[in-house]
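What follows is a single structure, and I will ask about it in a moment.
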Amino acid sequence: MREVAVIGIGMTKFGELWDKSFRDLVAEAGIKAIMDAGIEGKDIDAMYIGGMSSGGFVEQEHVAPLAIEVAGLEDFHIPATRVEGACASGGIAMRQGYMAIASGIHDIVLVGGAEKMTDVVGTEATNVLASAADREWEAFFGMTFPGLYALMARYHMHKYGTTQEQLASVAVKNHYNGSMNPNAQFNRKISIEDVLSSPMVADPLHLLDCSPITDGAAAAILAPLDIAKKYTDKIVKVLASTQASDTISLHNRKRFDALPAAIHAARQAYKMAGVEPKDIDVAEVHDCFTIAEIMAIEDLGFFEKGEGGKATEDGLTAIDGELPVNTSGGLKAKGHPVGATGVAQVNEIVMQLRGEAGKRQVKDAEIGLTHNVGGSGGTAVVHILGVI
Amino acid sequence: MMAVPRYWREIPARYNLIGKRCKICGNIYFPPRSICPVCRRKSVGQMEDYKLKGTGVVESYTVIHVPPPHFEGEEPYIMALIKLDEGTYVTGQIVECDEKEVHIGMRVRATFRKIMEDGEKGAIYYGYKFVKEE
Amino acid sequence: MKHFYTSFYFHFDNMVAIVGYGAYVPRYRIKVEEIARMWGDDATSISRGLGINEKSVPAIDEDTATIAVEAARRAVKSAGIDAGEIGAIYVGSESHPYAVKPTATIVAEAIGATPYLTAADYEFACKAGTAGMQNCIALVKAGMIKYGMAIGADVAQAAPGDALEYTAAAGGAAYIIGKDGIATINETASFTTDTPDFWRREGQPYPGHGERFTGEPAYYRHITNAARLLMEKMGTKPSDYDYAIFHQPNGKFPRRVAKMLGFNDEQIKPGLLCPIIGNTYSGSAMLGLAATLDVAKAGDHIIMVSFGSGAGSDAFDITVTNAIESYPRQNIRKMIEKKEYVDYGLYMKYRGEI
């Protein structure tokens, strides 16, 4: 198996981008990554794009060749594939690129993720997102996505004494981090009081416990490590790429205080990379809701199960804490264009490992981790990246 | 508007909580499953219909304030993760219960309610919701 | 001897009885004074005039089908029968959720009576449920079915601001009819004419009515005639009955018609639910009978007369049997006591008006 490197990254600003279409976003992120890598379009052998529901959001499927077309690369006739795993679509695209190179089938691969979510009205966006849950046995009965995480939040609170303030502290930290990220949807710092006084979405989750509806795209260029140097000096190695699945419905899970798929993917990733949780210097985790980050940092082995809320409240996951989490602002403040998220997480970790994260730079970051979740935990993708 | 068969075929489960029982291991599944995840290939063709009692206990709950399109106007409403007495879990709405009253451990039983209407002209879909067991 | 045997056999073979009953009234209520506040009416005089204090309101996710199912499930459970042995289901209502597509099939499926049965929806203003009972009686007597189920259920419509708004309520009752059970149905009689005292045109959301015309020529004429015809057939007089139930469009009409026929307040008291739940239309007389059966003893003699605008009345002569003693009675009045008040805004929302 060949070793794989990330040689280029690019992303759009995340936010409510009224003037940009799905195509505009895809083109912008792709071109930025190509230019960052110092490659030319003709060097690309294959492309994988992650998107949850371009059909639901902009009534457009078959978006992989569309991405090739908007990038002006159609004359090379490279294989272009869209992958879908709800909010983990981007992470899956990244892993597809990794596997294509590791296996020796392709050399240079463009991976991307994109979602244009503001072309539908609010309740319709909620409805599209609900299709990441079990439509027939959850959504049909009135369950929503925030609702599913709210069930997990309540369960976690009941079992471990996790508090609303601890949930809110995730949002406060991520908004603080996002205030230093020019690509973030929200650059506004918030307080615990702001979170607790924001409108209730699905009790106990307030509006500010939830990631927003976001437009955005992100991309990365992957290459075999041995030929990466031909193009750039800014090389980050992929130490592990793992993916796991579980039931799509929450009610069929073995437990409700964790995402078993994430635990599984993380264990495999640590094994593959030959590292332990304590070796991770910086992590981007899937905080679609504040409770999701608390469960994530437990599932990833950073903290004991049930300790995630307290750890966050105590500042252990702040940029200057013992394990900085979601330095980009996370899904919460950076924004969550669902299909783009997994690749955007890779963008942030690559920036951190290259020392390009500016005001939010984690000192001496050498190993970083991304944790990307689809639905309420039906899919989990973990990547571990390292400096060489 | 969705085609009616999509909902029609689920009527036994949604009206009467008809789930499945694996004849090999005896595990009961609701919502119905066609393959038992414990017995797997041995369970093929061995999953029999099984009517659940519809009683259970709240394992977790939330109050939905931002509903999906088909539930607009019904919010706020309580959604719960319910452990049925047969041991399987189900997601369902709890009606006729105050937000302050619902709690983890509360006993509930299934009732028959309108779940959604497919617009003004489409079909009306019914199914289970839950009420406090008294 | 042969004659006696034949006669006995004939009689036995034609016995028909209520095997079980179930009732359902939604949990929500709105007070007359709350509706009166909305329209600047004098609540006290309306309350006194209509003989009603409050009415039931269906939840946002309740309709005639869900009410019918709840009542039917209670009836099946109390009767302890196998729902698969029910050969006919008739649901009487003037607020079927579909204009075309039966409520009865929803009920049949939800109680597990499908697929070997006949089913249909009936509409005859407030008496469609009792018309269903007569059909079940006939089918059982004819030996065509073992059990039949007749349901009267409504989520009655009323235009905001119309006088009907004070009374139009929601509720229903289901009866399982078979050869023998908790109450024998001795006789039934009907009186029907074409009297348009109340109607709802196809496609219209609210009914129209003839105001005071709904009284003498409609309600009183049909009920008194049906009741007298029944008593004539049975050779009975009002004092022979322990209990009487008359359709309850408000709290006043049934009291007055009882007096006109020679019944007293004590006879109608157990079944008079209108003052506390309003007019449940197709559910009205049948809920009244259910509340009466809740308190009846073996041997009690009951008369029930429904009324449906348009117009007609069905009268029933019923004798409670020993089987009532071991029957798990539901206690409808207790169910009605579990209530929650809504204001006019919530009432409008629950009724889907806003």
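Going by the order they are written in, the chains are A, B and C; count residues from 1 in each one.
Here, a residue touches a chain if its C-beta (ideal position, glycine included) is under 8 Å from a C-beta of that chain, and two chains touch if they have at least 3 such contacts.
All of these numbers come straight from a predicted model, not from anything done at the bench.
Judged by the touch criterion defined above, the protein chains link up one after another in an open path, with no loop closing it.
Closest to the middle of the protein, by Cα centroid, lies chain B. Counting C-beta pairs in contact across A-B and across B-C shows that the higher total falls to A-B. Averaging Cα coordinates per chain places chain A and chain C 60 Å apart.
The geometric centre of chain B is 31 Å away from that of chain C, both derived from CA atoms.
Touching two or more other chains at once are residues 74, 115, 129 of chain B.
Multi-chain contact residues of chain A (touching two or more other chains): none found. Taken together, the chain B residues at the contact with chain A in this complex read 10, 31, 59-72, 74, 76-77, 79-81, 89-93, 99, 104, 115-116, 125, 127, 129.
Residues of chain C touching chain B in their complex: 27, 59-63, 65-66, 69-70, 73, 97-98, 106, 109-110, 112, 340, 349. Taken in their complex, chain B has these residues touching chain C: 11-12, 15-16, 73-74, 95-96, 111-115, 124, 126, 129.
Against chain B, in their complex, chain A makes its touches with residues 123-124, 126-127, 130, 134, 136-144, 146-147, 150-155, 158, 199-205, 249-252, 256.
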